[in-house]
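Given below, in the form of structure tokens, are the structures.
Two complexes are shown next, each including chain A; its partner changes from chain B in the first to chain C in the second.
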Partner chain A sequence: MKYILEVKNLSTAFKLQSGWYRATTDISFALRQNETLAVVGESGCGKSVTAFSLMGLLPEHGSRIDSGSALFKGEDLLTMPREKLRKIRGSAMTMIFQEPMTSLNPVLTVGSQIAEAVYYHMNVGKAAAKKRALELMDMVKIPDPKNRYNDYPHHLSGGMCQRIMIAMSLACEPDLVFADEPTTALDVTIQAQMIYLLNELKEKQQMSMVFITHDLGVVAHVADRVAVMYAGTIVETAPVADLFADPRHPYTRALLKSIPRLDKDNKDITPIQGMVPSIDNMPEGCRFFARCEKKDQCRPDEFPQLLPLKNSSNHQVRCLLCE
Partner chain B sequence: MLQYIIKRLLLAIPILLAVVTLVFFVVRMAPGDPAQVILGDSASYESLTALRSELGLDRPIIVQYGEFLVSLVQGDLGDSIIRKQSINTIIADVLPYTVELTLAGVLLGVIIGLPLGVFSAVYRNSFWDYLTRIGSLIGLSFPAFYSGILLLLAFSVYLGWFPVVSDPDMGNLGERLHMLVLPAMNLGLIMMAYVVRSARSSLLETLGEDYIRTAKAKGLPGFIILYKHGLKNALIPVITIIGLYIGVLVGNSVLTEIVFNRPGLGKLILSALDERDYNLLQGLMVIYAFLIVLVNLVTDLTYGMVDPRIRKQ
Partner chain C sequence: MNTIARFKHFGTETYHVFNRNKTSWIGLLLLTMLVLLAVLAPVIAPYDPVEQHIIQRLEPPSSQFLLGTDYYGRDVLSRIIWGCRVSFIIGSVSVAIAMFFGTILGSMAGYKGGYFDAFVMGVMDVLMSIPTLLMGLLIVAILGPSQANLIIALALTMIPRFARIARAPTIAAKSKVYVEACQAMGFSDMRILVVHIFPNIFGELMVMGSMWMATAVRTEAALSFIGLGVNPPTATLGGMIREGFKDIMSAPWASLYPGLVILLIVFAANLLGDGLRDALDPKLRNEK
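Now for the complex of A and B:
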């Protein structure tokens, strides 16, 4: 089976005052056409950093990619010339951001911001770009696109702005979309609309998606596969049904147990004890060790590898006890 | 838009009134007597009294103030005590020189300062960035009268490229521009320093915004990101700074005109002070206040043109 995106051993480091520290370590995953991978984890676990590394959007100063490869349709995103990456970015590989209100340029009309993506990638004139932008606005269900075209972002609601962002990211019919918590900043009712819209458009355009979120509730609706991240590493990855039915990593289990549910009395809800280790103070061995329920049966000195389970090769876990 | 302009102009009336009132009374509080200045120290008491009554200085100060306001509303700044001429005419004669000097200074400052600021931001923390920033700091620190003298020494006395004493009444347009270069540069250096600093910091802040990341994620070429997405947003605070410092520049134009011996409002204000010409001084203050209010209005309107969030309010 051919993969759209194949990431192997990606590590990204940031410069702090006392030196370089890895924000993500040994990230590996693969994505098929029309597949959605949900990347789940708490704030600061390296979800966005992974996406930014692949998109080439890391800050120019104070960040670097330490190791790894990322084959996008067979070509390595991490080593290709910047100009080539720029041409892929925004056309074949695009990104939707968390804050739709601040992610749109306040002094340009929303329509022109969509048309721009078409104009610079598809080799068409301004008029054709505008026509395509209007089509896209209609596709993401913005009412009355002709009149909205010349609106500025501050005229639109957060949900409408996110529709504009989605239209922008779909402008050149991408093969891969990174959606970086696209619903986090929106009202709950709008979140549902947005997820429905994204799913529908994904099916229509046969594209792959990396859906970054900290909301396990959303995952079940959008994802084919899930990768759970903790402190800069992927600790467990599995098809979505398997993960919910049979979570193996103690962190995944703890995470699922900590979700409050409306249909239960929530007496058995348990928060995870302790704190995430900070980037400049990562333990040598398992990064979840200090917080793990089963640490008495385990040892802290060995860094576990992400390995498939014996009975299911599709389900991989980074845990010494699960091997 | 028209409504907004009218509203702003109406708002300017109380400001102008306050300035005019302040100037009227402060000028009269200063020691010295115009009649004495005109007639000299040896004048007799009788002749002084006669002149005072002729000039209307013997009437109660409130009456003088009232008359001044009445004629001001009619657009008449009154007559100069010393020069026996309509102040409107005196000011109209020299106003173009000051306006031309200030505009040239602003233009020079913006044309040179803006690209330097952008350059400094794009190559931040490089050698050239530090050089530009140190240069602008020096520009900020020099008082206009001192930098003016240095410019005269360097370019007129030693190099001989420009005349030491300007005389804008003589010569054709080319000569007039030639004489404008040094004084305009003197003002432009100050403006440039402000523009460089504000453009640099504003652009740096803008380049860190989320929408710049979006523009990058869209795969736009670098110069489109910088100019279309970055600079247009970064300009908004810079325009405010430019507007604010045109006021400062008007003040510095007084010093520049004196150093370069150019005719203009600045030189006029100096002689009006010397001669205790109350009316002329008042008139000049009204004009200055009006110019500042006008500049602020133009700044606000420009602001609205660049930033759609302000336009629609």
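Now for the complex of A and C:
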């Protein structure tokens, strides 16, 4: 089975005043061509850190990758020279950011920013780059691209800016796109448009996507597989249907239970008690232990591994009780 | 869109904002007039600035000598026009040099951060701790008074200022998401600095450029006044004030008018700077 991206045991640490602490621990996942992996989890659980580690965009000072490998089309992203990684970034592997309004340079026209990406990576002339930029603007369904080309970011709405960002990141037909909460800053109707657009373009260009979000509703729409993250680790990963039908990890279950639904009376919504452990005070054993419903049947001393379930190898859970 | 067209578009918006600010027009008009005067000095000046009309020494303003004559019988108006030329050359060249090197040093220090930043800005701070006039004195004392040495001295004192001005907005821009997005697009550091960060700090640099131009003109005048500027008999505004100073009670025109012109240059450059600041600030432009 051929994977576009194969991440194994990735751990990233940040420097705080009292020393180095791991923001993510033992992240492993694999992604096939044209597959979407949704990474879900609450704020600060390490979703974005994972993406930034793989893109090589962590701050130079105060962060490091402790262990792991990340094979992208057979080459390790984590050990390759910076220059080589930089060339892959933006062409074969790109990223869509959370806030479209601030992700574009305010003093350059939106069209020229798309054209720049084309010009820089595709080795074409300026005229060809402009033509391609107009095509891309049409592709992401921006009405009247010719006139919008010379607009500045502040002339456009958030949704339009996000379309520009999508056009930029898809300019060089990447094999892999990290979408870091691309819909979070947009209102709900635009969110749906954006998700359909991304899905459509993904099918068209046969690319793989890592879709980072904290919205399980979005996950159901876009993902082929889901990885649920909690406190810097992946606690459960499964095909999207399996995860919603048969969540195994107590955290996933609790997460699903805490979503209000329109078609139910919502009396059984149960928030998860307690707090996420802080980065400088991670428990040795299971990180969800203190908040777990079934902690009476479990023990806090052993750090569980991400292991496949007995009856389905596709569904992996990090839980001592599920082993 | 290619770079030229991009700047044209940028230019039209800038023009509209600039246009709303009437005082900046006064500054631009005044400065343009003075620059024209300086550029066209050989054509406009009624007399040779060093030609001495010994018999007509210290003559008050008349139809023959519009602003009078000085101690050696030289036409004050012609000397002012030629003096402007010297002032503008020294002012603009020293600012251009300082802006060029200061911007490179400051924005690179801001972008790279770490030890490089600490080292560069440390050196800049040392340079900045020496007052402009004192630094000018020092350099002129070492290299001798001449137009080129004056330019070097002024540029050297202004480089740290421009470095600071370039560094702060570079750091601010560096933490913006769009710079992160550029990094995610795989652009090289050089490209991010020149294409993406520079247009964002360009406005502030132009404003400071016009303001420091005024200071450079003033410092040049001060150095010439104490006799360390351009060698006589070359006409300089500061030198004229000095030469006319001893007869200020009987013939005030010899030093009063050059002083007035220095004031005009400084005033015009500052007005222009204020106007430019509003016109080039991307935030103010949005408020339409």
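Criterion: the second predicted complex is superposed on the first by the 323 of 323 C-alpha atoms of A that agree within 3 Å, B and C clash if a C-alpha of one lies under 4 Å from a C-alpha of the other, contacts with A are read in each partner's own complex, and residues count from 1 in each chain.
Here is the rule we use: contacts are C-beta pairs under 8 Å (C-beta built on N, C-alpha and C of every residue); 3 or more make two chains touch, one makes a residue touch a chain.
On a predicted model such as this, the values are computed, not experimentally measured, just so you know.
Novice: What does the overlay on chain A give for chain B and chain C, a clash or a fit?
Specialist: Aligned through their shared chain, the two binders clash on chain A.
Novice: Could you say whether A:L104 touches chain B, chain C, both of them, or neither, answering first, second, both or neither?
Specialist: After superposing on A, A:L104 lies in contact with both chain B and chain C.
Novice: Mind working out whether A:E116 is in touch with chain B, chain C, both or neither, as first, second, both or neither?
Specialist: both
Novice: Would you mind checking which one, chain B or chain C, touches more residues on chain A?
Specialist: Counting residues of chain A touched by each partner, the higher count goes to C.
Novice: Just chain B (first), just chain C (second), both, or neither: which does A:Q305 touch?
Specialist: neither
Novice: Now for A:K126: first (chain B), second (chain C), both, or neither, which partner does it touch?
Specialist: After superposition on chain A, A:K126 lies in contact with chain C alone.
Novice: Does the superposition put A:T79 against chain B (first), chain C (second), both, or neither?
Specialist: Touch partners of A:T79: none, neither chain B nor chain C.
Novice: Is A:Q206 touching anything from chain B or chain C once the two structures are fitted on A? First, second, both or neither.
Specialist: A:Q206 sits against neither chain B nor chain C.
Novice: Just checking: does A:N147 make contact with chain B only, chain C only, both, or neither of them? Give me first, second, both or neither.
Specialist: After superposition on chain A, A:N147 lies in contact with neither partner.
Novice: Among the options 38-46, 272-280 or 290-298, identify the stretch of chain B whose C-alpha atoms clash with chain C after superposing on A.
Specialist: Here chain B runs into chain C along 290-298, and the other listed stretches stay clear.
Novice: Which parts of chain A are in contact with chain B and also with chain C?
Specialist: Shared contact residues on chain A: 55, 57, 86-91, 94-95, 97, 99, 102-108, 116-117, 120-121, 154, 165, 168.
Novice: What part of chain A is in contact with chain C in the complex they form?
Specialist: Residues in contact with chain C: 55, 57, 60-61, 86-91, 94-95, 97, 99, 102-109, 111-112, 115-117, 120-121, 126, 130, 149-150, 154, 165, 168-169.
Novice: Under the definition above, what is the set of chain B residues touching chain A in their complex?
Specialist: Listed in rising order, the residues of chain B that touch chain A are 209-211, 213-221, 224, 228-229, 232-233, 236, 306-309, 312.
Novice: Could you pull out which chain A residues touch chain B in their complex?
Specialist: Interface residues on chain A, with respect to chain B: 55, 57, 86-91, 94-95, 97, 99, 102-108, 116-117, 120-121, 152, 154-155, 165, 168.
Novice: Taking the touch rule as given, give the residues of chain C at its contact with chain A in the complex, in rising order.
Specialist: 1-2, 6, 9-10, 113-114, 176-178, 180-188, 191, 195-196, 199-200, 282, 286
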